[in-house]
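In the two complexes below, subunit A is the common chain; its partner is subunit B in one and subunit C in the other.
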Partner chain A sequence: MLTAVAVLLVVTFATFALVRATPGNTASSIAVRQAGPGATQEQVDRIREELKLDDSVVAQYGVWLSRAVSGDLGRSEKTGRPVAEEIAEKLPRTLFLALGSTLIAVVVGFAAGIVSAAVRRGPLPGVLRLLALVGASVPAFWMAFLLIVVFSERLGLLPTSGQAGPASWVMPWVVLAVPAAATISRVVAVALAEALRQPYVTAARARGASVRSTIWRDALPNAAAATLNVTALQVGMVLTGTVVVETVFAWPGLGAWFVASVEFRDNWAILAGVLVFAVGFILITRTADVVQTVGDPRLREERIR
Partner chain B sequence: MRAARARSVRRTRGWAAGSVLLLALSAALAGCGGESSGGSGDAGRDTIRVAVAEPVGDLNPWDFLGQFHAMDLVYDPLVAYGEGGELEPALAESWEVSEDGRMVTFALRQGVTFHDGTAFDAEAAKFNIEQWAGQEKFSFLGAATVISSIETPDEHTLVLKLSEAYPPLIQELTIVRPVRFVSPTSAEGGNYTEPVGTGPWVYESSTDTTGAFARNEDYWGEKPSLEHVEMKVIPDSQTRLSALRSGEVDLIGGGYLAPINAVEAQTVEGDSSLELLTGDADTTMSLIFNPRGPLADPAVREAVSLATDVESINNVLYGGTDNVARGYFPPTVPHSGTPVERAFDPDAAAQVLDDAGWALDGKARSKDGKPLELELLLVSDPVHGMMDSRTVGQALQDAFAKVGIGVELRVVDGAAYFDEEAAGNFDLAFSTTYGAPYDPTNTVLSFLTSDAETPTWTTPELDGLVEAAVAAREPADLDAAYQAIYDYLEEASAFVPITNPPRYYAVRSEVDGFEIPPHEYHLDLTGVTIG
Partner chain C sequence: MRRGLLLGLPLLLIALVGALAPWLAPASPNATDLTASLQPPSADHWLGTDQLGRDQLSRIVHAARTSMAMAAVVMAIAITVGVSVGAVGAYVGGVVDRVVTAAVELALSVPSLLLALAIVGIRGNSLPNLIFALSVLAWAPYARIARGAVLGYRRSAASDALVGLGAHPLRILFVHVVPSAARPSLVFASTDVGAVVLATAGLSFLGLGITPPTPEWGQMLVESRPYLGTAWWLWLPPGLAITAVALSGNLVSEHVGVPPELRRWRMRRPSAPRQPERVVLPAELDADAPLLAVRELRVRFDTPGGEVVAADGVDYEVRAGEVLAVVGESGSGKTVSSLAPLGLLGEQALVEGSARFRGTELVGADEQTLRMVRGAGIGIVFQDPYAALNPLRRIGSQVAEGLPLGLSKDDARERVVELLGSVGLPEPASLVDRYPHELSGGMRQRVLIAAALAGDPAVLIADEPTTALDVTTQAEVLTLLQKLGRDRGLALVLVSHDLAVVADLADRVVVMRHGRVVETGPTADVLAGPRHPYTRDLVAAIPALGRTPGTRFVTGVDHVVEEAPC
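Presenting the complex of A and B:
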């Protein structure tokens, strides 16, 4: 728990120091973004005061921290709304994308990986390997626009954007899931192939177990443990992938909101966003740790809290 | 020990499982939310769906948070900005400026009510104006600084007394914020609560992804033909275009509403289910100089101007030379002066530099040991008025190298761009005029005066010329005063006007009657019908 808190502090402070150091993070610049033609000195002064831009980085961070622990994440300079309110509104939407696509990625990735390792002959393993390579290499925004052109403009099957019922979930989920599924499938394939070469598998087959049951009962659990770390990493990648996907698909989630906040130099919003993402990553890695101990009895004994 | 560890493992498992389940649940609930999609036929013929880049937001007219166009639909001004800067009656039927210019009398339109039924009269007008006149917060607006008192001799007459004559006042009353009118009942005590205006559209609801407006059945002016306006927030311009092509929205475009870039405009032109409307430009994008550094030398400035092939640049950007800039303002801006044809003559540029002592040594020039090297500041995420200038930047770098001027390109993002300009960390940069309805006054005040934050060009002499132009009253005097400014800038080779970017709007072909508004902050859906 203590390490988690320490990590959060370091990550939020370091990111924030970077933002402060970037050009464009001045009250005048933010005032101009806010007001369009006509930013007044009064506005500039008010922004400087609100964001504590006169203070040192440490002092400004300190102000944020002292408010954050009591639940006050500040106001957005861009919209005037409380940051906590915006996060509460947008986080579930991003989670919906991230968790949904992770589920798809795990199912598809495992299926492809299992088939890849279990099938010995024919072109299938090679094809799956190629697909995985393509899937991992294709840039998300390109895939996104391609899907929109084909399925929305040409075929009229899916809506182009926005959060508008189940049809609108498909493309964002697919774009997020594909690279993750590709990676997972390769790791599963390799781990499973390795597991299938183990003596206990030969022994099981000798005892008369079918191919299917050796895969499911003996090889896969051993392979799965090794792939869990990779899967956890993929969830992290999916989370960061939401930044691009949400922007292209006009999905009103946290990823797009965070990018817009950085562009605007919305200081308090940026800090809160980094905090949320950092917490997310910590939760993911912790969960992966725990799931691993569930899967691998050897680790239960060694687990250090 | 093992028991304790086993318990702690179970606890962690429980905690982890619990939090994952909670997240999944909230995510699932969130996924079920969102607006329902309007298919191309669903929305019906009485609703127009407009894609917008920014959420509707907080429509408080006395703050800087909300979307201009939502405010334009709901709130009316006293005076409307018409084509070419022609000032037309809106909530004021007529107005009169006194001899000395220090008193303006408005005859207010009668029988106008706010959406909540409150009467629009002189008292309501006064209440609104008091919220911004004299406030430091709005001191960018000349009107806010010169109004010294407001009188209401009768229900339909409004008198503004000014501390000094200020001819641009009437035009300033056409902008969107903060000069429009909210119902005093809903904004009692000066505390804005709801967007209750007098406009042709009544605000119904909005979220961070939607906006809904209904026709004002009691509107004082021409009532819209359509019954509803739906806004869909789509921040990415390519996605907006896709939404238009797939029939999810009916209208995109405008500099601030839902910008279309030149490449996307070409796609629209090639699509028979869509119609591209191109409006007369209201802004000029220019290459500007930092007067400190090598560009302090007028010969260098002249050479840069001669080495810039404005026609080619416009060809590359817009596929033609219709948008070549011929002055500080495009012709649609009032008092934009006489157009100037610019010469593209690299040989002459080289000659000018030779004559000024910038000796050519191989490919580069130098004078008194100082190399002729300029830094061109470019923006990577252009918003309206900041064209994606990287291609142009590279073309210029190439062209200037041919006459021996070395150019280094530096790309920064939008927020940084402003700061770097203000700090003078550049030699060359691009700058754009404000556009209607702010020009010519606000642009010259913001960019050509010595207290400008990101000046285009300033000298004490120019300050005097700007002051004279702002104070001029008669049309002939105004034309002459502004021409004096343009001539002065031309003499000094103060900048190189490059292009007047076209104003693009795109509609589905079943949308009829949409006309490009006189300025980019106005969303005029009154005469529009669908199908």
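Presenting the complex of A and C:
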């Protein structure tokens, strides 16, 4: 937990320092961006005072951090609205997108991984492995194009944008889920094959256990522990992948908002975006450690001690 | 490695195309011709033209140059920084190493695409900023690899030798340490190119990477967006190019990091084993008939390096109440020949010959028949009690697995407690809900014995049951096996590399070497008059009272091979 906080502090501080170290972020230029060329000296002074621009970078960061902790992430230079308000409005849509994709990615990824390691005959495992390799290699934005061409342009089945019901969710969900599902299935297949080679699996079979039973009771729990970190990382990538997918499908969530903020060089929004995405990403990856500790009796015991 | 090169071929090809772009491209990538815009592929323009009438093929080819140049720069920075940081951290150690490790951990736990976007957003969209944004986290995996490699090198004997010879530390660092770290880094790099190309394309696609008019695949894709339904030649080729680069990298990494049985596209089935005969011959149901009779057993393994014969014409048999010792050095095929009859050697094993349990042929039998024999007919105690118990399952669950089906939960628990008690485990009731790691090696081996007995087998095969245990525990476990064998009237097969260990227990001995049985007979006869030179060496190696101290220990010496009458 301590490391997670440290990572957040370092990342936000680095981003903050980068903002301050970049020319064009002086009080007068911010005033010009906010109020136009006719910005008065009073406005400039007010901005300088508000952002403590005369203090050191560390002190300024301290001010930003204390405000951020109390929920004040500054005002967007683009819209003039509080950044926190914009995030509160966009975040649920992004979570909806990311959760749907995560569900698809984990279910499909594990299923494909289990089949490619457990099925020993026929072309199915090979086909699945090939699909997983291709799925992990196709860039999300191009896959989105392929789907749009086939399902929107040719077949006219799915809308290319909007949030009007399940039909408009399918393509964003799938595009976001495919790379994660592909990577998860590859890792699950490798870990499961490894686990199936372990002596405890042979021992269980020597007691009369079926292959199916050893997969579910012996190999999979051990393999899942080994795949937990990669799975969490992929879920984190689903979250940050919304940046691209929301832009392609005009999904009005946090990802598209972040890209728009970056295009506009809206510093407070960028900083807040980095914070929110990093918190989400780290929460997800740390959850893997906790789950691992709870699921493994050896680690569980160490923790209690 | 040759296969690895083949898989990386698309990548090399695209890199080559990029390098030779000015000579390969039929036209300038930026020459516009508005009279010929959005032309489909033709003899003049193999991949058509875009909305400004630019030759699409020339743009694709030049975009390869852009991507590859970008990847080369970013990876040069990442590898240089990463390998130096990691190597120095591992070499210097102490605080420096801790800082390096922390920095690597930090860099690896930050979402890279996001940070790259933020950097470009804050600093502005320019080539140096883009390169900075892409390399700021890319060094971390290389630092981790280099650190591991250097730590490995430092622990090696070569490192000690160099220090002993008085080599200068800097010379050691640059001539020996850095190269040892560079090699695994380069292997990773071959798989990392795709990631850099993908990231560049992603940023360009968002309008935050390579700026027009410089051709770049991601940016070509954005420009093609309005023509998705009309001009396939605009959006299909750039996407295929990015996918090809990424796929090539993934194939190489798969080749490097994936276990061989998953690498094959389709499992090769061993040639069909001969049809099982499941006829039970009356003669073999005699009380005196062997419970397990192995004849001409031959086991081959299909390995990447070719076929390996692990057992070649093995014969043995064991009767109820009898103790048979199978003795041989590691690799002699003794374990393989005891697991093969039950079909427990995996897919790569090809088993031939015959192994009859109570007259039922096991070689080539279907899974259903084998499952009925496993546990309930023949029980197995495995060599390594630490590896043969699933660390995530409770003891009770693993012992109960072998119990006959149809027992109620309470009955099953009672039987498990009974079994655990019968192998001499103290407080068996409290062990049922414990996990393997809470038990000592000797206790685990007793648990494994209890589990093997759960199905009430007639034959118990113990594969090196004491090798992983300390000497006192060894004796206890052997005594236990002997007692269980006697009490239950088991046919006990003791597999061991140590004739001394089993000599006291066994009624008969089978000596194996190089996959063949070299000698077999009643224990007393074999010990008194070993006929095969290898057996003579084994017998001579048994420590005995009255033997001159300092007698040469001769087990497994190779002169035997020449003398052996084969």
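Quick notes on this structure:
To be clear about the criterion, the second predicted complex is superposed on the first by the 249 of 305 C-alpha atoms of A that agree within 3 Å, B and C clash if a C-alpha of one lies under 4 Å from a C-alpha of the other, contacts with A are read in each partner's own complex, and residues count from 1 in each chain.
Operating definition for what follows: contacts are C-beta pairs under 8 Å (C-beta built on N, C-alpha and C of every residue); 3 or more make two chains touch, one makes a residue touch a chain.
Quick caveat, the model's predicted, so the values are computed rather than measured.
Of the two partner chains placed around the shared chain by superposition, subunit B and subunit C are both touched by A:Glu263.
By the touch criterion defined above, A:Trp169 lies against subunit B but remains apart from subunit C after alignment on the C-alpha atoms of chain A. Within the superposed three-chain model, A:Glu153 lies in touch with subunit B and with subunit C [touch as defined at top].
By the document's definition of touching, neither partner reaches A:Ala59: not subunit B, not subunit C. Once the two complexes are overlaid on the shared chain, A:Thr293 sits against subunit B while remaining clear of subunit C. Shared-chain residue A:Val5: touches no atom of subunit B or subunit C. In the superposition on chain A, no contact is made by A:Val107 with either subunit B or subunit C. In the superposition on chain A, contact is made by A:Thr22 with both subunit B and subunit C. On subunit A, the patch touched by subunit B and the patch touched by subunit C overlap at residues 22, 145, 148-149, 153, 247, 263, 265, 301. Put simply, subunit A touches subunit C in their complex at residues 3, 6-7, 10-11, 15, 18-19, 22, 116-117, 120-123, 125-126, 129-130, 133-134, 136-142, 145-146, 148-149, 153-154, 186, 189-190, 193-194, 197-211, 217-218, 221-222, 225, 236-237, 239-241, 243-244, 247, 258-259, 261-263, 265-267, 270-271, 273-274, 277-278, 281-282, 285, 295-298, 301.
Interface residues of subunit B facing subunit A in the complex, by the touch rule stated above, are 2, 5-6, 8-9, 12-13, 16, 19-20, 23-24, 26-31, 33-37, 40, 55, 57-58, 63-65, 68, 136-141, 208-209, 232-236, 238-239, 242-243, 245-248, 256, 381, 412-420, 422, 434, 438, 442, 446, 453. Across the complex, subunit A meets subunit B through its residues 22-26, 28-30, 32-43, 78-81, 86, 89-93, 95-96, 98-100, 145, 148-149, 152-153, 156, 159-165, 167-169, 247-250, 252, 256, 260, 263-265, 283, 286-287, 290-291, 293-294, 300-301, 303, 305.
If you check the complex, the residues on subunit C that touch subunit A are 105-106, 109-111, 113-115, 117-124, 194, 198, 201-202, 205-208, 218, 221, 224-225, 228-229, 232, 235, 238-239, 242-243, 246-247, 249-251, 254, 257-259, 261-262, 264-267, 269, 339, 342, 344, 346-347, 367, 371-372, 374-376, 379-380, 382-384, 387-393, 397-398, 401-402, 435, 437-438, 448, 451-452, 454-455.
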